[in-house]
Amino acid sequence: METFPCDEKTNVRVAVPSKASHAKKPDTVVDVQGVKFGGNEVVIIAGPCAVEDMDQLFETARLVKAGGAKILRGGAFKPRTSPYNFQGLGEDGLKLLAQARQETGMPVVTEVMDTRQIEIVARYADMLQIGSRNMQNYPLLKEVGLVKKPVLLKRGMMATIEEFLMAAEYILNQGNENIVLCERGIRTFETSTRNTLDLSAVPMLKYLTHLPVIVDPSHGTGIRWMVPAMAKAAVAAGTDGLIMEVHYHPEKALCDGQQSLSPDEFRTMMGDLRKIADAIGRKIS
Amino acid sequence: METFPCDEKTNVRVAVPSKASHAKKPDTVVDVQGVKFGGNEVVIIAGPCAVEDMDQLFETARLVKAGGAKILRGGAFKPRTSPYNFQGLGEDGLKLLAQARQETGMPVVTEVMDTRQIEIVARYADMLQIGSRNMQNYPLLKEVGLVKKPVLLKRGMMATIEEFLMAAEYILNQGNENIVLCERGIRTFETSTRNTLDLSAVPMLKYLTHLPVIVDPSHGTGIRWMVPAMAKAAVAAGTDGLIMEVHYHPEKALCDGQQSLSPDEFRTMMGDLRKIADAIGRKIS
Amino acid sequence: METFPCDEKTNVRVAVPSKASHAKKPDTVVDVQGVKFGGNEVVIIAGPCAVEDMDQLFETARLVKAGGAKILRGGAFKPRTSPYNFQGLGEDGLKLLAQARQETGMPVVTEVMDTRQIEIVARYADMLQIGSRNMQNYPLLKEVGLVKKPVLLKRGMMATIEEFLMAAEYILNQGNENIVLCERGIRTFETSTRNTLDLSAVPMLKYLTHLPVIVDPSHGTGIRWMVPAMAKAAVAAGTDGLIMEVHYHPEKALCDGQQSLSPDEFRTMMGDLRKIADAIGRKIS
Amino acid sequence: METFPCDEKTNVRVAVPSKASHAKKPDTVVDVQGVKFGGNEVVIIAGPCAVEDMDQLFETARLVKAGGAKILRGGAFKPRTSPYNFQGLGEDGLKLLAQARQETGMPVVTEVMDTRQIEIVARYADMLQIGSRNMQNYPLLKEVGLVKKPVLLKRGMMATIEEFLMAAEYILNQGNENIVLCERGIRTFETSTRNTLDLSAVPMLKYLTHLPVIVDPSHGTGIRWMVPAMAKAAVAAGTDGLIMEVHYHPEKALCDGQQSLSPDEFRTMMGDLRKIADAIGRKIS
């Protein structure tokens, strides 16, 4: 290990190994079926927490597409704190996602929780998500590093920036450089929000690495009415994208309803985000 | 104590006493010699960490005023972790602040650390600051509650939103309603920044109380080059103001030089902040 | 500042100034009216959270003395999160403490919250307590440094070991070396206990400084039935003393009843503590 | 979900599902080849962080057995923050562990990181360890729940007591009740130790569940000279066992040398632990 070469502008204490492949190089642009992370566009990923059924998924997908989303999200395998909560539809959920892609033209991203699921998830999805709880699941990181699909790597809820970059290194190290980093809130002593959204991670990660960085204000706050304010803040802070939970009927959602936007709330927020993107010289199409 | 009447829009677990005077009422506008917090304007407070000498203070004051600051900050009594670090100029610093006000026309805000200092600080300053380490110094809170001057109350680096509101209640309870709340970063496990700036505190506090809320991106990050990004994010999140450290020669500052903006950096950032304020229908004059 | 000279036995990253007077010297023994902290004896401080009335105080004092306590605790000025909670009896409380001392022969320790209270508290008490919320109240630290009485300095609930030692330095620096450090739980993400009692602070502080170190398992856990287990653990970890809340009728206590031991619980625990002290070659008389 | 039925003795806010199978029942005794967790004996698990070679493993195994250890630990698959650090010997390490068992008669425990490794690890080991980073790796938890071997479940460094119990529930739910819970330090703001060992988890977990609870003072502190003090504290707090890193030449260890005890340190500590166990009516043979 050697200390990261901090210049005089920072007091960053992050240490990265000398071989680290994400130390600054020209910015990487990650291409997900034509949708580009890391360029001038601020990419919006939206959709339900979990895929519940065709109606819910397709309806929500059409609505978020109409609002400006470029990629559809939805969980088929769900990591839940309690074994007695809804665990997802599994492969049936993946099939519905693939149909929704065909229907709407939007690429889809979904979570993979286990090395044995990679093959099947990669068959249906355009981008593989590694969730917060698996950020240091090293066998999983290594295996998605061998797949050719782009990876959405979420920060562990108690991972330092250094550990986050080291997790990315496990993927890069296997040859897959198509990684989008996602800040999604960290665990602190504060209990009025579900997590504490660490927006300073956006400029810090952009400073330390060449990879695109996005923000998840839904998990970062856990509170529906707070999502638009934090989404706006994230765009102003320089994020390359946002991933958000939207549900066509949040009050009926099988998971995370309390942090899911309704289609109307999503549309209104998107209008505000475009103005802010505009103000800082970026674009949300 | 009874539970705060949360409506269906939130999962806020904050509990406030039934007598709580900051529970929602029409928004309070705090007027500091004509500068208004809590209206449409996003108020900028800027100046050096500590008052060092006439040259430093006056030069910095003129520069921040030219850049758009409305209130001058500067410490005369400095709380320092080590007793061997610079502790401030004391009353001499207060006198310099009063002269700088006369020179520039900007009201001044400075920290009061002890009940015995209130009288003298109130004689010179237009707004009294309660620092992070004193957020739960109850005798001090009670006494500034008896003073007629506006108070800038900084969140303790370890304080929950609920404790922050209770601290404000100590001041309100004595009859002084002219309180501006300031989020300035909380302590977490993350070490790449000095603190973790909790921008979700902005919408949460605006939701729970009628008091104006501002943000301190200098202490919130501790890193000079990161201040503009977080200042922009704070404006997008809905802050009523910003307080920032600016020094005419940051590299020579007696304290906090590593998080102080140069006059050039301040000016550039102010241009960006105006665009974002504009995008959300607010104003920085 | 220079880095603390860590030897090969540790990875301690604590930095103390070169002038630091608490860097290792022969162990300091703090004498409170004949009761000695820092020797072979493990000193027990016990009593109610707050002084409520003569009956409560005297009855509790007699009971804790009979159980083996050497010093009586009790708050006259109480720092409370909410201004609407019981704030203590003030000077009347101090007078009751002085009478209880006369009655039982035990020296008394009580909290001082404000520089203006030091004189009066010092008139009645044998040892001055600086509470957790005031650990970085520098004017208060400096002033108790000028008093000749021993000081019980509690760790801030979010203070690092380094900051804790720096706070002690503010007192030492004024000439008062009679300081007993107290670990009382830190704030973490865990919510099943009031705080997280950081018992590793005991060996760490003993390693870094010559000052005696005690533990407060009442605030450290916030849960009555858990106090004995953590008190036993503290003794095994090498603490020089314990400070505990005991109330003659915990269910009627005006504050902290849920973490106060009944006299019976106190007596049973003391028996267990003596056996552990014995097992490690120390003494509880 | 319903709230855990807290009695009047606690303010525990842990919520467990009504089906929760670990809510209080008669204490479970977990038997690992005749070594029993959850009875009167305090079980000592010791060995190197990672299996490095035959000489290192066998020599260390003989020494810890002589000192009183009942189970041998050693990692074959190592989760490391950086992909450039030593990752373990894999199956060769498992074979060495099996040989060391034959040589010394001690059962062995080793970590399994991936569902695909379970079969092979279960072939060689007597107890499967789920590491801190995998505490919420739900597919892994479910699969070890289907195996007949005892499981050592380490608390995630970011996991609340409630989440820890829910993770155990994933295993119990599949039919495997042979679970030993292990507190190993949580992540806090304090940086002088590697983690903050939360010893209050011992009485809390014993209160909430029927499962045995052990403590890992090596990872809990990260500092070799601090391990004995915290091991003693853990025994006094009521732990059912300890797991510790011991290396025959700590200064040459390929991982965690700075927190590994030398054989001499281990032997001395064991003598002290026996005295404390004795003082509280338990036994270390």
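Worth a mention:
Order as written gives the chain letters A, B, C and D; numbering starts at 1 within each chain.
The rule we apply is simple: a residue touches a chain if its C-beta (ideal position, glycine included) is under 8 Å from a C-beta of that chain, and two chains touch if they have at least 3 such contacts.
Since this is a predicted model, take the numbers as computed values, not measurements.
The interface with the greater number of C-beta contacts, when B-C is set against A-B, is A-B.
Centroid distances from subunit C, each centroid being the mean of CA atoms, peak for A.
We define each chain's centre as the mean of its Cα atoms; on that basis subunit A and subunit C are separated by 47 Å. Between subunit A and subunit B, the centres computed from C-alpha atoms are 33 Å apart.
Looking at subunit A, one finds that residues 158, 187-189, 191 touch two or more other chains.
Against subunit A, the residues of subunit C that register as touching in their complex are 158, 187-189, 191. Of all the residues in subunit B, the ones that touch subunit C in their complex are 1, 17, 19, 79-84, 113-117, 133-134, 136-140, 142, 157-158, 163, 166, 169-170, 173, 187. Residues of subunit D touching subunit C in their complex: 9-14, 158, 160-162, 186, 188-194, 196-200, 202-204, 207, 220-226, 229-230, 232-238, 258, 272, 275-276, 278-280.
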